[in-house]
Amino acid sequence: MINKEELLQKIPKLLDELKNKNPLTHCITNFVTVNDCANAVLAIGASPIMSEDIEEVAEVVSISDALVINIGKLSHEQVEAMKVSSAQANKINTPVILDPVGVGISQLRNKVTLELIENYKLTAIRGNITEIKTIAKLTGIISESNTAKGVDVSESDIITKDNLNENAKIISKLAANLDTVILASGPIDILSDGETTIAIDNGDEMMPQITGSGCMLSSIVGSCIGATNPLEGTLLAALLMTIAGEKARAKVDNENAGTGSFRAYLIDYLYKLDGQTLINKSNIEIL
Amino acid sequence: MINKEELLQKIPKLLDELKNKNPLTHCITNFVTVNDCANAVLAIGASPIMSEDIEEVAEVVSISDALVINIGKLSHEQVEAMKVSSAQANKINTPVILDPVGVGISQLRNKVTLELIENYKLTAIRGNITEIKTIAKLTGIISESNTAKGVDVSESDIITKDNLNENAKIISKLAANLDTVILASGPIDILSDGETTIAIDNGDEMMPQITGSGCMLSSIVGSCIGATNPLEGTLLAALLMTIAGEKARAKVDNENAGTGSFRAYLIDYLYKLDGQTLINKSNIEIL
Amino acid sequence: MINKEELLQKIPKLLDELKNKNPLTHCITNFVTVNDCANAVLAIGASPIMSEDIEEVAEVVSISDALVINIGKLSHEQVEAMKVSSAQANKINTPVILDPVGVGISQLRNKVTLELIENYKLTAIRGNITEIKTIAKLTGIISESNTAKGVDVSESDIITKDNLNENAKIISKLAANLDTVILASGPIDILSDGETTIAIDNGDEMMPQITGSGCMLSSIVGSCIGATNPLEGTLLAALLMTIAGEKARAKVDNENAGTGSFRAYLIDYLYKLDGQTLINKSNIEIL
């Protein structure tokens, strides 16, 4: 059984490993937030490469430390590139991280998500709680799921203290069944590898009021796993993003600013956060 | 005849309707400013979804409150997606908003714009004055139009107090002929549904010095119409954008900053503006 | 032989020519940084147009003052558009600027880069030192080059005072052989047209910690050449970008901010810099 204090004490070392390795993070992602993803990866000390031409993706995977695939904006060509890249990554044991953006809003997204889950070894899946529960339904773990409204969290899915254990069980079971690490984002995040399940009660409600919070998090999950290991790397990424969000919000409030400034400050704090601050601000619970 | 004071007094209620409805705004738009559009839609309290794969767009339209189509970056696939989406939106009476970016600079853009105008019911068209006058020429409302220079307003087209009435007549006639609401942007904006024509003398000259001011405005026109009604919704969107621009510019001058900070502050004020401020700062005239 | 002081004294006049001409800058570029490129072009007083549909690119080239082609995100369609555009630009003597992003990381990028170099007259090539040395290798100027790591500069390629002359010789020879202006970026930039070679020791280490510094520079090289001439225009663009970077970094440090704010401030200073500040802050040496 992992001890919470021991886990937190590892955070500074994990952050050092990230900065020292400067992992090349290959992202196949959507055109809405791709710039934010590149800047987030750079801010934490990793190096992004956004490549999706089918003629070169396998070569790019071969020099990368992690592959992040994000289905926010699908196209036939991009899905083909995701498959070729994932196959190559699996072949050489490079971690693959999936962000199933908007799964549940169309048959196409459901189909693509299932194809990726069934045919490739995914090291981690990072989505909002509605997306994760949609996957649980699509794979038969649970029988019901709400209709997704766009790409945001459905209100009935929001994780609260009351339904935390119930949601944690679903996510843990899904992680075990798919043999992957899952990070489900919401006001409270749940992280599980099927054995260890952690609730992360950090972050700020302004995060979903900018586009890209989720995509950025998935990208840096890739960087952090590429430099460390799946469960701890995902925890590191989640703490970086949510605590950067808290600090950015405090600065916004202090300046009476809004979401445009929040977006810049979020990257500022991803760049600035150190290991001790992550320990001090973290609010996690091992379930 | 609409009374100006009565119209302005409705603004806070319209803004409340927008925030309460949180309208899902489906944008098929260009890759240059798509991130700005998503953030603008979020900032005013709506929810964006950027989807353009032809396999899923009809499904996405079906769950959305408005469809915004922006021809800033054309491709065959995107144009096909725009047609399928518009047909579906027309079928279920979801409002369609067109931003004819750069119409006039190429035969392709002229052709696509005409196809969209002729084959689908458009609830609103939002473009700069050069683009709107190009459409007036293409549809035979006026006989001459300047050659568009890139995607910006031609100098000879700029709406001033001297040519305001002349331009208002063209725009009103175009709106009546196309049975749509038109918002033509420039230093002075003109809004018309063919019956009521309104001049909006708000905004700041720094707005066209960043990319995306126009695209963001078109996107939030979609959100506002999706939550209210075509004429008043478009007015609300125009006031939100132009008054946010004025306030962002004042902050930039106060801090001796530039266009990079302006862009962040513009989103800040889209997020922060309340109904009373919109009334106080508005400078509109019913023609 | 060009005299350094005479060259610097020309800078304010060149900047005036840029602002007065407001050159229309046609960019075919990658979706990661396209928004940054458009904002950078606008900030210095030029006008961007991002068009890549093969049906319209030749028309867009015909109204533009410069064409910038950036291979950061390749696709078959985009490469075809680059070829059609370059052919049209060559035909009407519009300058063509190439940014060979990531050349060296895949066979595809090497092939595309060589095709563009061999088949079209390029007015300037702007890349990081690793990319430029990869081109020198691909074209037989030098026999060895490091393996590129992603899209960033390889450590062994970094230009320092110790290897400055050696690198300058390679770049000068490459510029002469390809009959083009080359700007190789790094901590020290080297600019050469094959006859005159200039070292530019400006800029800040935070510049590669955001995405888009290089792409933005290539885009404004296009604007500056389009308004002036190849060698001096490229120098103007390099001074604008690197000195804006220095000033943005100073503001970031003063505010204890990070890379998110840096990105906004970089655009702020591109917008604000005047000719006298460029002279005062410039640190160039004619080799």
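A, B and C label the chains in the order they appear, each numbered from 1.
Note that in this section a residue touches a chain if its C-beta (ideal position, glycine included) is under 8 Å from a C-beta of that chain, and two chains touch if they have at least 3 such contacts.
In this text the structure is predicted, and so the values were computed from the model without any measurement.
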Copies subunit B and subunit C touch via same or different residues, half shared test: different
Magnitude of the superposing rotation for subunit A and subunit B (Cα, nearest 5°): 120
Distance from subunit C to subunit B - Cα centre to Cα centre, in angstrom: 34
Interface hub residues of subunit C, defined as touching at least two other chains: 31, 35, 263-264
Complex contacts: residues of subunit A adjacent to subunit B: 30-33, 35-36, 72-76, 102, 105-109, 147, 149-152, 209-212, 257-261, 263-264
Complex contacts: residues of subunit A adjacent to subunit C: 24, 31, 34-35, 38-39, 42-43, 47-53, 55-56, 59-60, 63-64, 77, 263-272
